[in-house]
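Below, chain A partners chain B and then partners chain C, in two separate complexes.
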Partner chain A sequence: MIDRRAWLPFSVVAAAMVIAWQAGVVSMRQQALVPYPVGVVEAAVRTVKDGSLLTATANSLVRVLVGFGIGALFGIPLGVVMGFVRPVGRALGPIVDSLRSIAPIAWIPMALLWLGIRGNAALFIVAYAAFFPFVINAAQGARLIDRNLVNAARALGAGRALVLRAVVLPSALPAILAGARISMAFAWGSIIAAELAMGIKVTSGTSGAVGLGQLMVSTLYVRRDVNALVLYMIVIGVISLFIDLAMRRLQRSLTPWGHS
Partner chain B sequence: MKDGTPTAAAPRIDVPVAITAARVLRLLEVPAALAVVVALWQVVSVAVGNKTLVPPPSLVLTAWVELVHGDLRDDVLASLAHLALGYALGAGTGLALAVLSARFAMLESIVDPFVELLRPISAIAWIPLAILMFGISAKVPVFLIFYAALFPIFVNTVAGVKQVDPQLVRAARALGASPRLILTHVVMPSALPFVLAGARLSLGVAWMAMVAAELTGSDAGLGWRLFWYQEFFAMNKVMAVILTIGVLGFLLDTLLRGLQARITRWSPDASRDDAR
Partner chain C sequence: MNAKIEARSVSKTYVSSRTGERVEALHDVSFSLQPHEFVSIVGPSGGGKSTLLSLVAGFVAPSAGEVLEDGARITGPDPRRGVVFQDYALFPWRTVLGNVEFGPLARGASREAMRATAQRYIDLVGLAGFEQRYPHELSGGMRQRCALARLLANEPDVWLMDEPLAAVDLQTRNILQDELLRLWGDGEERTQRRAVLFVTHGIDEAVYLSDRVLVLGRRPGRIKEVVTIDLPRPRTSLRNSAAAGRHIDFIWGLIRDEATRAIVEESA
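So, the complex of A and B:
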């Protein structure tokens, strides 16, 4: 990170830009389609007051958490088995790799068909996005564990299931948590993409619980409020910062010995 | 993040190998797993009994063959054109900013906070604003790819420059090298593995951004084609496009991974994936 004194040039440039931007927009007198700083603040006050911002953010966050949980539920066991049982890892590796290359959002037409427009389709996309970092990292973690530990447990009479649960899983935990951080970032990115695509695709009024993405679409096409769009972008950025911070903290408190 | 262990690089003595049962079995692992996946897919499809809801593999394959001879080529070309332009602009800008930041501390103290502020705002979040700015057109995916590709390569290059052994820099300086010469002949080669890892990360996120942008704000490309076929409920074709996206993404990553391994074979950092 940069030390505090070095923030000075940046603050000066940033402040000058914001002021110049505001002044430019005001002097152009064409405020409909150009966002401007004061307008963004006004939009913030308005959307917080009528509650639409908070509801949408909460809806998106709930979907991310549930999708993340589903991804972990399927991804961690698969990854651990792939890493620990070599033939399984070799056999499934290429398949996982090619499925991973499919951008999660590409599944949206199928997800809409299977799960409908009431938010579950977005959930599928999030779970799909969160699934792969868990698999990859759990597999890596399980692959790199100390075989001596496994052999020791075996020699002491532990069965395969017990070895997996008591030796492999704890050793793979730092890697899994590193994967969780990536998963969470992917999940947050793809929830917005999924909701945007759904919002653009599904124009009927009953589109279930509106998330940030759908809110952005209606702001774009119905209300034409550019300032609110910029506000939502800032909200998305701030939330992803907080998510990353929270995941880092979790990582540190759960695996203080891990250094990955 | 990704599995890039350079196992193939380990020195190996070539002995004439006997064809053993274990070896044959090992060769069969991937095809067997693939067969199981396809069989499962077929079973699910039959169980559901609705060819639109879950198109069976055979139908998807025929759709794919049909598409390869028809529309798909245009879509792939359109997508690759978006990707090439956006990626060249984004990765180029990211790299240039990082190199300039390495050279001019003043610039770094201005650029770096901007990057840290913008980076959390994912490319996806720009889609509505991009649609507003550019209309539904190829500019939306190009802009999105540009934005997505910019940050990973910037961050990695900066990290790569930071880890350069200061002794090397001091040695070069003591021998009379100019700052520019040090940058081009000491700092950049040493940072190259990081740059390439960043380039690969950039391509990955750019690919995702491309699909999302084409789905929502473009009138050509693979992502756009997904919704096009969905309008006709031609779900076997939708599946064929989805698989094409996966295969192409996989090929691109493999290509860059190969390039990375080739160019930086000498480096212990060659297999590292990101600087975080």
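So, the complex of A and C:
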């Protein structure tokens, strides 16, 4: 992530920026709408103590992981078959492409209408966002398979099912895992958007499980706490950083043959 | 005696999906492979050697004519006909053991039987101690042995080999040729041997290994000559004999002109 030799200069620059930020805000007259470092730290201490930050983070993360899982469950098999069985790919490719061009957050009104605000709508949005990178990459990986490997498996007695499972799938795995990283980024990006949109209704009535997005909405409209908003943004950023690191590590450990 | 493999007036035409251009890779090819017989296919580039092997393997269907195994028409790949590919086609995500186990796995062997069979052939080709290595961790010669063990683990009646020794250095190649002969049964009773169809660029290799050599011509690929190699077996001491040299010179004489033209045409 950061080069070892870069730690010292990085820390110096980061510390200088934080100090300059704090000093700049202190010297201003109007402070109500401007966040500042000490305030962000205070907000962190407060929200960790009352548990709201951890609960919301956990709720959002669970939705992302479940949605990601649903996306993988449908996306990988569909993509592998589309890539390996050419007629299926030709038939479904245009449909997938046109659905893909609809941004996941454009589904939010429909999702709210069908699934309500208790969290399933957000789950749907996340699964939808995660689904397409899985399909696209699995199809690409399966399409580019070395036909000699398929022939080798068939000559050893493998039927179609075994070829798909034991040759096409592992062959496409590096591409699938690259897609998984994109899926995860999409999922995490769209959960915040979905929860933001749902949050407005949550605060006005029935409460679903509050995620980071809903927490931001209530912080914005109820508490008007800009420091807490910045805190949530930082949390969101740090989590996506760790998710990407974890995905990269997963990629390396699941495809040991690809990293000689 | 009934032929193990028989090709009857086989032609194969490829149509380019991009340009629609038709290329006749093989024209009216007939030959037979007897049980226990080692037959090599040599010829210039573009002579359809690999196409012929793919037809026998069942990977592609002939445009005309038919290919038979034990008198029955070949319609697709079958584990009784084992294949070794030029680039080995080992599964990169499987270890040596996993690759060799694939055949027994595909045919539904139990876990124990699968393991025992694989281990026996890994030992036989001299890969003991490397069971847990991935293909990319092996030298070219070891990959070749792994591919051979994978073929043997299925105990096929016919071995189809597509330039299996093209990618290793000359010394390794000589060693692997001798090992191949040993595994095939060069020093044993004729009936212990399997039928082998062996594609190669190396005329010396073809002469050293084979009972008969099919010499193909190019554009379109067709059989020019079938040369019987009457050298006694085992052949270990005959690698550089005068008799072998005469066969090599004769076959090279059949191929030279077309091979020369192939160089020019393929660079054009």
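Heads up, the rule we're going with is that the second predicted complex is superposed on the first by the 236 of 260 C-alpha atoms of A that agree within 3 Å, B and C clash if a C-alpha of one lies under 4 Å from a C-alpha of the other, contacts with A are read in each partner's own complex, and residues count from 1 in each chain.
The rule we apply is simple: a contact is a pair of C-beta atoms (placed from the backbone, for glycine too) under 8 Å apart; a residue touches a chain by one contact, two chains touch by 3 or more.
Being a predicted model, the structure only gives us computed values, none of them experimental.
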Original post:
Looking at the overlay, does A:Asp50 come into contact with chain B only (first), chain C only (second), both, or neither?
Top reply: neither
**OP:** Counting touched residues of chain A, say whether chain B or chain C comes out ahead.
**Re:** B
Original post:
Thinking of the overlay built on chain A, is A:Pro9 touched by chain B (first), by chain C (second), by both, or by neither?
Top reply: first
Original post:
So, A:Ala152: does it touch chain B (first), chain C (second), both, or neither?
Top reply: second
Subject >> Contacts of A:Ile234 with chain B and chain C, given as first, second, both or neither >> reply: first
**OP:** Applying the touch criterion given at the start, work out whether A:Ala103 contacts chain B, chain C, both or neither, answering first, second, both or neither.
**Re:** first
**OP:** Pick one for A:Gln140: touches chain B only (first), chain C only (second), both, or neither.
**Re:** first
Subject >> On chain A, positions contacted by chain B and by chain C >> reply: none
Original post:
Considering the complex alone, what residue numbers of chain C touch chain A?
Top reply: 57-59, 76-79, 81-83, 85, 87, 89-93, 102-103, 105-107, 134-137, 150, 154, 160
**OP:** Spell out the residues on chain A that touch chain C in their complex, using ranges where they run on.
**Re:** 146, 148-149, 151-159, 162, 166-167, 170-171, 173, 255-258, 260
**OP:** Could you please specify the touching residues of chain A with respect to chain B in the complex?
**Re:** 2, 6-10, 13-14, 33, 35, 87, 90-95, 97-99, 101-110, 112-114, 133, 136-137, 139-140, 178-179, 182, 188-190, 192-193, 196-197, 200-201, 216-217, 219-220, 226, 229-230, 232-234, 236-238, 240-241, 244
Subject >> Residues of chain B that touch chain A when the two form their complex >> reply: 1-3, 26, 29-30, 32-34, 37, 52-53, 106, 108-110, 112-114, 117-118, 120-122, 124-129, 131-132, 207-208, 210-212, 215-216, 222-223, 226-227, 229-230, 235, 238-239, 241-243, 245-250, 253
